[in-house]
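These are the structures in question, set out in turn.
Two complexes come next, and they have one chain in common, chain A, joined by chain B in the first and chain C in the second.
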Partner chain A sequence: MGSWLTDKHIRFLWVANLIILGGAALVSRGQFLDPYNFQSMAKQLPEIALLAMAVMLAMISGGGGIDLSVVGIANLSAITAGIVAKSVAAGQGQGLEFTLVFVATALLVGTLCGLINGLLIARAGFAPILATLGTQLVFVGLGVALSGGPAVSLGYVEPFVELGNGSLLGLPVPFLIFAGVVGLVSWILTRTRFGFRLYLTGTNAKAAYFTGIKTPTILISTYTLGGILASIAGILIASGASSAKWDYGSSYLLIAILIAVMGGINPEGGSGKMLGLVLAAVALQMLSSALNLLGLSNFLKDFTWGLLLILSIIFTSSWTRFSFSPGRKGPS
Partner chain B sequence: MKRKTLWIAAGLAALAVGVTGLVLAQKKYTIVTVVKITGINWFNRMEEGVKEYAKETGNNAYQTGPAQADAAQQLKLIQDLVAKKPDAIAVVPFDPAVLEPVLKQALERGIKVITHEADNQVNTLYDIEAFDNVAFGARLNERLAKCMGYSGKWTVFVGSLGSKTHNQWADGGIANAKKYSGMQLVDAKQETADDAEKAYQKAKEILKKYPDIKGFQGSASTDVAGIGRAIEEAGLNDKVCVFGTSLPSIAGKYIETGAVDGIGFWDPKDAGIVMNKVAQMVLEGKKITDGMNLGVKGYEKVSVTKGPGQGFIIRGNAFVDVDKSNLKDYNF
Partner chain C sequence: MALTSPPQTRSPFSVWQALVQRPELLTLTLVLLLALVIGLINPVFFTPQSLFDLLRASTVTGIFALGVLLVLAAGGIDVSFTAIAAFCLYTTTLLVLNVAPDAPFALPLLISIGFGLLLGLLNGLIVHRFRAPSLIVTIGTQYMIRGFLLAFIGTKHIMNIPEGMDRFGRWSLFQFTTAEGARASLPVAFLLLVAVALLTWWILSRTLLGRAIYAVGGSVPIAERLGIPVRSVYLFVFGYAGLLAGLGGLVHASLNQLANPFDLVGTELDVIAAVVLGGARVTGGTGTVIGTLLGVVLVVMINNSLILIGVPSTWQKVVIGAIILLASGVFSRRKLA
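Let's look at the complex of A and B:
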């Protein structure tokens, strides 16, 4: 493939990451390079990046694809799983059962939520933005109703807490889970027939349909996969916080969309690479942690993230090539 | 293509330089105060206290907090701080349950943890409460009783029956009113869902049901605003007494018209100073004992009791009573 350097989004993101890393190391007088800081960042990154991945899949599928319900799915999965796991495996020494029941329930709820999104979009023909805006409210409402409002406290259950807090060979467990998911989803996108058909559907749904691709099935599978990814994020959030609540991560949706767009995922469908998404998520995480390390205002974080997005648009859109390099004609 | 890479580098370098603004000078102790959300009046007022403390002691004390009201964002911010490893953190938890794992990590990493408004927090060394909640409710009721001439029908609102502090305030008030045989409690603990509109509706219902009602006690900060509006519409400013927990920014205009007679709260500025002082004492190896004077108004003779974890709960007597006469002194 060799696209890891030739794609202009990816190239921009590599440069951005290197500059942020270098700048942060310099300004913090090396404190940023402390291994503990990298572990901390690697622990924080996965939940938001998984949500962004769900948004990315919806965007690739085209037709104005987007998933606004990811945070709702994450929390509803975690709340339901918390209630079920607590009632099934509450006893001492049942930590493993608790963890398995929790993970299975969360994944099941995520699958169902994603399936509902997919059916609304592919079968009922709703615009994705409207369908998922509606389901977001429904999922949040269900979460409030199930939990009654306050957090569902999960307590300190081994090995459940390890999912969000533990580390293995110096790497945080959530990061390892994330790495596994990244590998699996990029394999699906680049190496399977489904992935190929997804990109085709996103590029031109009508043409794809007439070549014999069952585009509704592709859409339903895509949103279902998004639901599963969101529920994995929900599991990590719940484990990291030892509790589940309807409003956790309520600020994550826009950040997830920001990561997807900055990662070079075309909101019009048909293109976007996993590497871009991961690099964008890493860049935002490093910026955010660097600002916290320096004790600067969190409003500055929003500001720098916005600035980075605008820079990424400027440096990767086609018209700027001509305005910034007047001496050169034609494609480079 | 090289020139474009240069442009990218230049743009991002500018970003990094912008961040360079603040280089932290190494001082005696680094104490970071983490609030629920940045940029609202309540925590701006707290920051005044943190800054005053930093100026007086020369310690590197500063305040930070998420830009969005989201428990997950506060969690990430504290994770970054744990990596940064300041000497102490003073946290006002958005949701104590969420922060248990990260505060545990902070303690394990040798960071001193102080909390405020979280008497159920397990992983803290000292939790600071401005006052005993029952005593605060009794104090509000005493002002109400005096205004009512110690006789007549009165009622008390709570935001929700599930809110621990609201119930403690209401119970404190009810117990206080029992001292006076003329005080007759009617329809106690109506729920207002922390919503001024609900409080307004409930107050109108009560006024209809008991035309001779003489007093209202509110618990949610929005209660007295809603009650005040109902009283004003009924033209009963001088006939009905209204007291409750609230802030000048919420209840101010009704205090000016006399629809609300007085409010009570605690000053976040003082709480900010006390948190930092306690953090410093812990760092110096000192213990905070029952009856100690922390040198801040309202915290001259604190009570110290065992908390739910290894730590202790410090309670002051930091009541602030506001009515028409001193409304102008408080800008939050």
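Let's look at the complex of A and C:
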């Protein structure tokens, strides 16, 4: 039933994407179809889609799974990595070392943060929403404390800025990185034993546990993977802005949740596909670029995103209701 | 509900049991401990002036929190109430300024509450009709309401709020001048929080509706089999949360003498944290008014008073996060046991 439900979502998303694309092309008199516009969209998409992917993993794992700390992890990773990289490889001609140290530190911090979330949820039995609300504040607070408040400036370091700004064969580097991550994570979800066990845990944790799956280990790995994804987003944000700051992307959290839900990830756990997530992220990105192109207010964008989310709930839900009556569930 | 009576300790183990049955006792302990620590380090905290500041700061958060409490008790969650509050306070101010700038406070109050009620009912309707998780629905409505407000209604701060709101905001219950010459006052608006708290307590503890809310929060299928009208319960809790958002928003604008459409949104997780720290579980079926009020005092104290004891502002968020983790850690132990 899970995949059947998501298929409805994916159909809705294809239709939404086509309507947005066609509408934007018409209203902007073809300007929207300019390759330059697509390039800039492909550059903006990855940051937020990676954060949404982290939220998606937490949601799939079930038990009210959600990760509110993704933005905090992204910024803390970038701030720590910036400070470390600047002190280790500050000299001229050390651009490559700088980049490597930065990326390694950021990934390490992301792993640690995700591991902390996972341990709090799986070992200490915290509700995910509370655990990650608390760690979000702690991570943001650590970012403030480490940087002292103002942005950590990274300067123009050659290979590093390419991560967020460069392009290869006409495609933006952040998009290529994103495509690689999408491929890897969907392989993990659909082709590995871990992915299978993750969906099973999300569907029914008790049943999964009694079939011999070590559900705590699954949860810890899932939140750790989410931390790593968030830190990749942090690297891209820092590289794009040439700096790291505790309040970058403060509006990203709800957008990330929005993308995950619009993508058909069931917040009650156990179902959700990478394709849905990517389609939802693309739809929101196109909508936001189209509204920008038309010179409309940013606030209209918020309104439209909210409307789209409610519409996706209405359409996907009423379709299901016509076919069979779903189990009655309370709000969660 | 008797907050003042100490826990009945029959054996050494029953302290823990008392905590299990009355999670708000833990919140009370945390509030008292924190107050003691802050007061010992900086005696300024124990002056009536700082008490008034604390109560003043708790007024709006408390009104919001009591609405959230009902939604949580029924097993839902609402993150749209700050957007509803901002919408109500700004639209009401604009409307009253243009139509009847000299009207008494009752007019903007009724308009704001009305808007809030309608938007809240919309949340409840979508959540029930489409069986959608309320977190998701209210994220959507939050974006819609705030986007609509800022895109179509206005983005300018309004400094000269209507006469009635202005006078209400300045109206003091107690007022005195301290030895240092600073003026301390407790606004009458605080009484609104008291009234809302009494009403919410009455609904939850003395009416059939209150029983129905806890039952729906405990298990929807069982509640349905008991013949509880689940639809009405959803409409009521979300409508009530919206109504209180409208009330809180208007009080907020009156107290600050400013209608700012960018206000409040972004603080919803603080309010939810306050309710949860007061002992309501995110999974529904529990939560008390006393606990929620204590949770609000705790969060407001953490937010406002850490500066008094010299916690550098850069470390404040770490401390707040750690306290939330600590408290939710104790509550989750209760769940595992």
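To be clear about the criterion, the second predicted complex is superposed on the first by the 312 of 332 C-alpha atoms of A that agree within 3 Å, B and C clash if a C-alpha of one lies under 4 Å from a C-alpha of the other, contacts with A are read in each partner's own complex, and residues count from 1 in each chain.
By definition in this document, a residue touches a chain if its C-beta (ideal position, glycine included) is under 8 Å from a C-beta of that chain, and two chains touch if they have at least 3 such contacts.
Values in this document were obtained by computation on a predicted structure and should not be read as measured data.
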item: Which of chain B and chain C A:V261 touches, first, second, both or neither; value: second
item: Chain B versus chain C as contact partner of A:Q136, first or second or both or neither; value: second
item: Touched partner set for A:A207, first chain B, second chain C, both or neither; value: neither
item: Chain B versus chain C as contact partner of A:T304, first or second or both or neither; value: both
item: Which superposed partner A:G149 touches (first chain B, second chain C, both, neither); value: both
item: Which of chain B and chain C A:G295 touches, first, second, both or neither; value: first
item: Touching partner for A:G64 - first (chain B), second (chain C), both, neither; value: second
item: Dominant contact partner of chain A by residue count, chain C or chain B; value: B
item: Residues of chain A contacting chain B in one complex and chain C in the other; value: 148-149, 250, 297, 299-302, 304, 307, 314, 332
item: Contact footprint of chain A on chain C as seen in their complex; value: 74-77, 79, 126-127, 130-137, 139-151, 155, 216-217, 219-221, 224, 230, 234, 266, 269, 272-273, 276, 281-284, 314-322, 324-325, 328-329, 332-333, 335-336
item: Residues of chain B touching chain A in the complex; value: 1, 3-5, 7-9, 11-13, 15-24, 32, 38-39, 62, 64-73, 75-77, 79-85, 95, 97-102, 105, 109, 160, 162
item: Residues of chain A touching chain B in the complex; value: 11-12, 15-16, 19-20, 22-24, 26-27, 29, 31, 34, 36-37, 39-41, 43-44, 47, 148-151, 153, 156, 161, 164-165, 237, 240-243, 245, 247-252, 288-302, 304, 307-308, 311, 314-315, 321, 324-325, 332
item: In the complex, chain A residues that touch chain C; value: 64, 66, 68, 120, 124-127, 129-131, 133-142, 144-145, 148-149, 250, 254, 257-258, 261, 267-268, 297, 299-307, 309-310, 313-314, 317-318, 326, 328-332
